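Pasting the structures here.
Shared between the two complexes below is subunit A, which pairs with subunit B and subunit C, respectively.
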Partner chain A sequence: MFGHAPDDGDESDETESSCGCEAGSGESDGSAESRSTSEVRSDGGEPSDERRPTSELCSDGGIDADVPGDPGSAGGAGSHPSSDDEFEPVQVFPDSTEQDLRPGADSCYKCSTCDTNCPVAEVDDEFPGPKFQGPEQWRLSRDDAPEIDDSIDKCSNCMRCDHACPTDVPLSQMHNTARGRYVDDQLSKLSIQYLRKKILSNYGRLGRLGSLFPRTTNFVMGNRAVRWITDRTLGITDEREFPEFATQTFRSWWDERGGAQVQSEDRRVAYFHGDYANYNTPEVGKALVRVFESFGYEVAVPRQRCSGTPMFANGMLDDARRAATVNVTEFDALIEEGYDVVCSCTSCSMALRQEYPELFDIDGTERVAANTYDAVEYLRIHEDLREELADAETDADDELPDLAYHAPCHARNQGLAEQALEVGDAVEGVDVDDVGDSCSGISGTYGWKSKHYDTSMAIGDEMFDHMEDSEAETGMTECPTCAMQMEHGTGYDVRHTLELLEATLVGEGEAW
Partner chain B sequence: MESNTGALVIGGGSTGTGVARDLAMRGVDVTLVEKGNLTHGTTGRMHGLLHSGGRYAVSDQPSAVECIEENRILRDIASHCVEETGGLFVKRPEDTEEYFETKLEGCQECGIPTEVLSGAEAREMEPYLAQDVDRAIRVPDGAIDPFRLCVANAESATNHGARIETHAEVVDLLVDEPAGTDEAAVVGAEIRHESGTGSRTHGEQTEIETIYADHVINAAGAWAGQLGDLAGVDVAVQPAKGAMTVTNVRQVDTVINRCRPKGDADILVPHETTAILGTTDEAVDDPEHYPEEQREVDLLFEQLTDLVPILEDARTLRTFWGVRPLYEPPGTGTQDTGDITRDFFLLDHADRDGVTGFTSIVGGKFTTYRAMAEEISDHVCDRLGVSADCRTADVPLPGSESPGRLDDAMDRYGLRSPIARRSAERLGSKTEAVLGTDEPNPVVCECEAVTRAELQNAIESAGSDLNDVRIRTRASMGNCQGGICAHRMAAELSPEYESPTVRAAHDELLQERWKGERHALWGEQLAQAALNYALHATTMNLDRDPARTDDDPEYAAFDTGPPGHTAGTGDTTAAADGGRPTGSRSADEEGHDGD
Partner chain C sequence: MAIESDVIVIGGGLAGHFAAIAAADAGKETRLVTANQSTLRQASGLIDVLGYPPAAAVGETGTGDAAGDHASDADSDRADADDPDAVGEENPNAVDAEDPRPDAPFRSGPIVDPFEAIPELPEGHPYERVGLAAVREGLATFDEVVDGYVGSHTDANALVPTHGGVAKPTARYPEHTAAGLASDDRDAVLVGFETLTDFDAPVAADSLAAGGVPFEVAGVTVRFPGDLRADAKATRYAELLETDEVPAPKAADGGSSGAATHASQGRSCRAAIVERIRRAVGDVDVDPERIGFPAVLGEERTAEARADLADRLGVPVFEVPTGAPSLPGIRLEHQLGDALRERDVRVADGRPVVDVSATDGRVGHLVVESAGGSTVPMAADSYVLATGGLVGRGIDADRDGVREPIFDCHVPHPDDRYEWFADAAFGDHPFAYFGVDVDRDLRPLDAEGEPEYANLHAAGAVLGGYDFAAENSGAGVSIATGHAAGSAAAEGS
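Moving on to the complex of A and B:
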């Protein structure tokens, strides 16, 4: 047994039984007084806001009254120096997900940039858009009437708004928290909507089941009759094929190969694979391991649970908190030992880096956030990736097809929208086409709901068109659900950027 | 123009509208005149605290008792104007235990319900309270919207036959002095209707009206001295100004008071979507022209951040000043305005000065306006020989007859939940009548969630006066301060009102918004002002619209269009839209660009 692979190798540990045992841990420190230490976007560079003295203005002065413009003229300038522009939301009740985010609305000046960037608002006139959903709704809210408008359910959590806002309004934090409140307060725990959210957001459970009997599950899930029933009863669309479960999970492959094959004192990464790479696309996880090992990294694969992304998107904040607690605890311990965290899914890295610190107050959250990277990003920082790719022995020209690349919204939010293009550019003989900056429209579990299916496909239209226009006949992206959507809309085979690296640098992996 | 009335009430603040309602309900023929909008004076520039009496429980117990009594009555008869927030008297480590105990006893003596909370309990209620607050007394303070309250009083008075005239200034009092006697009687007043009588329309002709009245009531607040002068009597009102700053969001949902002897800048009141920091207390000479100083604003923050530290970083929307109509009975000789009593005085000029038909009312508090009105009305009825009982403590105001129906408001009116809830809170029992429209009902003011139907309803009473529409609905009082909605509000006046009227109303609203904004222009609100300016300049050409300035447009300064395009073929055209082919729009077209 090498590195920090789970010592028992039993995956059931990470999913089911773990919920019970950490329920009480890690959260009990949240008291009324403890403030969540939100440090996200501390670079938000608003100019300092010293109050400007306006001495002796006459009370009935009009618009062109002599507003003195000299900031140094009277007492008071700088007498209220503001440390920085951030507000710290407070946890309103101990052990709860209720946060008072009203002060977050202070930064909004209603420019509507968020609305014009929202893919759902663009295709759905019924959706009021992020400006209403975020700052306006929060500003209008009261502590005793935490009503959240139903339309929150239409937000796909793509977080484009969050990225677009010029003044750092914490939109995603507002949406996630509002969704949590909405599900807690307004959805009856027995309703179909609640059940659907529960099923879609706890993918790991389904995944574990699917992997125990992959062939049966694939058969059952692929069965049209079963899909028709899930559509009618649970509102999970029958337009989509359920993702196939792999016959061997990533983790069991990892155990079978005996864990890490490379040891290193100073080059260590802990891999956050998440549920999808484990159960459905183990080839992506394998690619990551082989690529990192080829650079001499020791890879650890600690115990972990779902990143929580689908739970945020479905308002299941309690479930998400439980999962996050396991992840933060496990990965923080490894960071202590010199590991950095790498993810293959951009939504997972987004969760660890931004959503955890915005939503939870778990010990170590900040440190995990600061030491988490997207896998390709990590290599670009620490290795001369272009050079390595250019010098690669493999003859990509013969083996590898041209690729139509879609940057997931969550990659865009982390500033990673361009990296796959640069990587592709360095691989000789492969053309990587950017299919534009539109949203794929699936946003995790969003496009799985029957009621959102049409919206999801309407949003995806632009991407599908661009994929069709591209010479390439194979897709590439870093997000598993974007990949599903790309496949669903075009019928193309869709691969992961790590697989391109693997094929070029290691020459192994699944056939292209 | 001439008319007669039983009682003429001067002043459309809480006192005047309260008296008008009371008298009208007793069957007296009432006319109320107000030189601006309703609440134009101090009432529209106060802190919005519905006192529990806790503040006066040590220094002025009779006032405290009156406050708690009126507080209970208003929760009942004015439920749609009151938010039952509760209040806390918060003790910091440096505030004395003795005072805390004295305050607690004082409240108990005055019948004000109290509950003592530990620092932790207080913070559980109000998470943004300072960490070192060590104890607090909970009292039934509340928040009250003065605009809605006065409008409701005026509406009730009208329903009982009263005539309410705004933008109607008393320019003279008619004093009858029979020759050869030293008696005098006020018999009426000369009124200047700025834009005609009835609801306001900008640009209407000014009219002068003589109103003869059996009794004239001077409820002009800080201006009462000026009206006294017109009747030749001395009313020694000492105006004292106080500053208040409005934040963008509510940092607290409970009224926060500092538990120490009455001082400046020690109250934070949650008000509708905002919180208001206040206040200061300084004598001024003229209730209308006084300096508004930055140091006063600084003091508010300096003091109140000790209680609620997050205020340090809070976005502020505006700062405004109000003047208290303090009255000092002759010979008291109090120096500090803080020591002048907050009690009110009824000056019977017949007894006091030998001038009959004239009563002045000065001093007092907003919270106790109804009790004041009752006492004055008793007095006036006595003089007029009317015997009828006061019913204002029992009959709810229009809008407060029953709580706003929230339950199905959303579905029935097709509004999103926070919008439906805010609308119902403002409209109270009128929710159904106002929102139940078959017309499309978009949200016009996004910050405060005000829909077209509510605006149209306000316009019915306010005429083209958008400031009046504003105080009735809160439209344009949110974080953009009208930047995004002022022109939409103006557009609601069309087609009922002509373009010049709409423009004048729009300008006036923007001026009024700017007046308060300029004292809080830093940080985010400065960015907002810059964005507003850019939007207004680029979409409506508001900064230099040739149609308003009479300057000849410099056509040469405009884009000549794409290369090869012959510019200037049409001689009246300017491509103000960024180089569209010429001829598409002429400079004298005055359409407002919608959005």
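Moving on to the complex of A and C:
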């Protein structure tokens, strides 16, 4: 019961909590981090530094200066200047008094379709649902009702409501914005709630520590006593085991192999791995690299930070903006050189494609959004993936198990809910079984909060049942936190679709 | 390269689902691409084929004859299978243009037998385009694919009471509503829940009684067990009724409660409701032989919840279809999703088709837009356009005119915007008829009456020439034309 934290797949960044090592103190903005990013916050409204009390906990403590990948060491990729100092982006939603009333708010005709899709509203009597959180609250706030209802904190940012709305009301954008306001204006920076958000949404910080001392960290984080303490003091549930840190990060593997092994002028992809594939599931990153190289792509792995997904979900928009700025700058530079951006985590691709343009106005955001793809989707568009898989020599019958697949909500939102099934169809000897369209319930950091644990597991019940019903005894998904939930609820080993491609096409990778 | 298949259906409503089912059943590799959820979750879940004759103004949009010709004189207060004469007799006066149609419970002329009325429809009406046989085929497919619906034993319309106290003429209805039919003479009590304000049982009961139903009916309102929020969702009621749980009272400290996973120990939600109903029924004059609830009796295990309630109450129990959000619509959506899965139809939902490439009068591929604006090409031999009408956004109307946004198919409409609307709020608005004109293979026609593309077919509310709300034909037209368009697309691929 100690120390074994069986998490493989999950990523999106958010999940961590910590023993409080983040809970240091000091103020955030004067730290190293602001060197690269603070200029982003010139939001036309009040300078955000003023908004941040100096008592803010959780210093970025300089760790952040160590954004993975030094500028310029994009591992085999071309160069990409990180012009951190050159832009002066403007916030879309300048400040709380002048809320932008998006045209979308008015196109709500109250059909309630969004409400019927909300997994939280179905099981939680304290949550008013997306229609209220979005268009209704939005309208209210126009009438000078300044407070954001604190139920906004219960929304898990699964974005199912976005996908539901027949008239494209930008619900999740409203939620993200409202949550940001709520955290900025209504939450004490000294509160446990704030601290927990800070910790859960800044996974990369812990990730860097964890990967320096993976065994120690895994041991400590897996320790029941430590988990009990974080539960009682921080409200981070002790029901879950913290994801295990890999002994070698993806980036260190990448450097060790000497970066890209294939050069190409016209087939170039820049890989956004995010924190989770780097620190916890490097096998997913390796699978991506090997699969793309097998198709003759030159892969670049530029400097990058967390996609921001956990920060949006926790209302930490300033943190998210800083991370986004690094990512947009780095990837935009590569797009100039003919690269397309590919992600292995569907929440990361969702952030780059939809949330960045909705929430931030960073130079290059639109271009990055328009050139970002899910990795498997990219191959489906550009290669005859079906044919390649059908022709593959692998004896999948012997080597690969049948798989119970769960489509992450954020994959669904990108129209990708069934692509893994199609990939599975093409692999002879492997059955990929869809475990239904329910939400896994974890939604990133959501299910990590003690107060949401029950809700999270109640939502996940339907998926667990379907997994148990399926013949397959290995799970598959593209979202690291969904994978965590799948493992937590069923005890199955959970793999990534890219690993299936790797096993079939390249014949390398982790054993199945 | 484009992601390929034999047939691509655009749109995930009833029409799109039935098009995909037909194409897949014809042996084609089929893909369904849809932007958002359809209107299914808003609709009653009833499958209306034709409830009322088309209004007199069809001719105004240039899509057909004056439809008053086909009005029925059946002004008995309910359609009756034994009275086939009620339909088809010409009586242009039966339709009163001032009649506020959507509200009048038993207005003149509900159609008794839609299959007798269909051959009489004006040219250009979607049913006229596909023909009676195709309508029957579509419904036969519906009966085969969807479980738990009743009505296939007869051609005649049934009258199903809805939440507003209106008896709706419909061709297929969920078995859960079956005990509620307005033609049934067993006395009924309708039960509403205080917090579920969409269904006011006493008002609905009064309205049914005023409409002249052949039974005694009264409504009672009870409190739903547990501490539900005032605006709890229909899905929340369904969840509690299905799991038979009573949510735990909120923890006083606001601590780690909230989630209502822990039922209050051992309390049965359904038992508590039944107890309250027993008390409430004592106060009304009707001794119920059946009891109706708003249609929130579970999402996946409705049969179980309903049977248990009936058991406890000692009389049959039925659901009264509600407005949006509609559990019967959600259940139907689940079943149709399963049907696609069984047929290996691949669904890409969550992204819109924004453009097409075409050469030589054929659609080459579709351009599907992802969040963020990157695009994915998808190609097939034939395509079905099932993007809905003004509500589903298959048809766009703005100051400059009315368009079909993906293929830019011709949509006939008066140039003068003031001619789009009738004077009366509930009048027979020409805009309700807006949509693409099609040939008998359901191919959209250009302004000259020629097919826009050889390999494009259209189905459902994107079609012009009918007003589904006024004539109660929404689901029927979508199923019939969806099935026909899917079959035509399969043939052409």
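Here is the rule we use: the second predicted complex is superposed on the first by the 405 of 512 C-alpha atoms of A that agree within 3 Å, B and C clash if a C-alpha of one lies under 4 Å from a C-alpha of the other, contacts with A are read in each partner's own complex, and residues count from 1 in each chain.
FYI, a contact is a pair of C-beta atoms (placed from the backbone, for glycine too) under 8 Å apart; a residue touches a chain by one contact, two chains touch by 3 or more.
None of these values were measured; they are calculated from a predicted model.
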* Considering only touches as defined above, state whether A:P128 meets subunit B (first), subunit C (second), both or neither. => both
* After superposition on the shared chain, which partner residues are touched by A:Q137: those of subunit B (first), subunit C (second), both, or neither? -> first
* Determine, under the contact definition given at the top, whether A:E418 touches first (subunit B), second (subunit C), both, or neither. => second
* In the superposed arrangement, does A:D150 touch subunit B (first), subunit C (second), both or neither? -> first
* Where does A:T167 make contact in the superposed view: on subunit B (first), on subunit C (second), on both, or on neither? -> both
* Now for A:E265: first (subunit B), second (subunit C), both, or neither, which partner does it touch? -> neither
* To do: Tell me which partner A:E393 touches in the superposition: subunit B (first), subunit C (second), both or neither.
  => neither
* Asked: Can A:A369 be said to touch subunit B (first), subunit C (second), both, or neither?
  -> second
* To do: Jot down the residues of subunit A that show up as touching in both complexes, subunit B in one and subunit C in the other.
  => 111, 128, 132, 167
* Structure fact -> Per the touch rule, the subunit C residues reaching subunit A in their complex are 1-3, 33, 35-39, 41-42, 226-229, 231-236, 239, 247, 250, 255-262, 324-325, 330, 337, 341, 344, 346-351, 368, 370-374, 376-377, 391-393
* To do: Give every residue of subunit A touching subunit B within the complex, in rising order.
  => 32-33, 46, 49-63, 65, 67, 74-76, 79-80, 82-88, 90-93, 100, 102-103, 105-111, 128, 131-132, 136-145, 147-151, 167
* What residues of subunit A sit close enough to touch subunit C in their complex? -> 111-113, 115-118, 121-129, 132, 154, 163-168, 235, 350, 352-354, 357, 366, 369-373, 377, 380-384, 412-419, 421-422, 425, 434, 437, 450-458
* Mind listing the subunit B positions that touch subunit A in their complex? => 120, 123-124, 127-128, 131, 248-251, 253, 273, 288-295, 297-298, 301-302, 305, 310, 312-315, 321, 416-419, 421-422, 446-447, 449, 478-480, 483-484, 510-511, 514-515, 518-519, 521-524, 526-528, 531
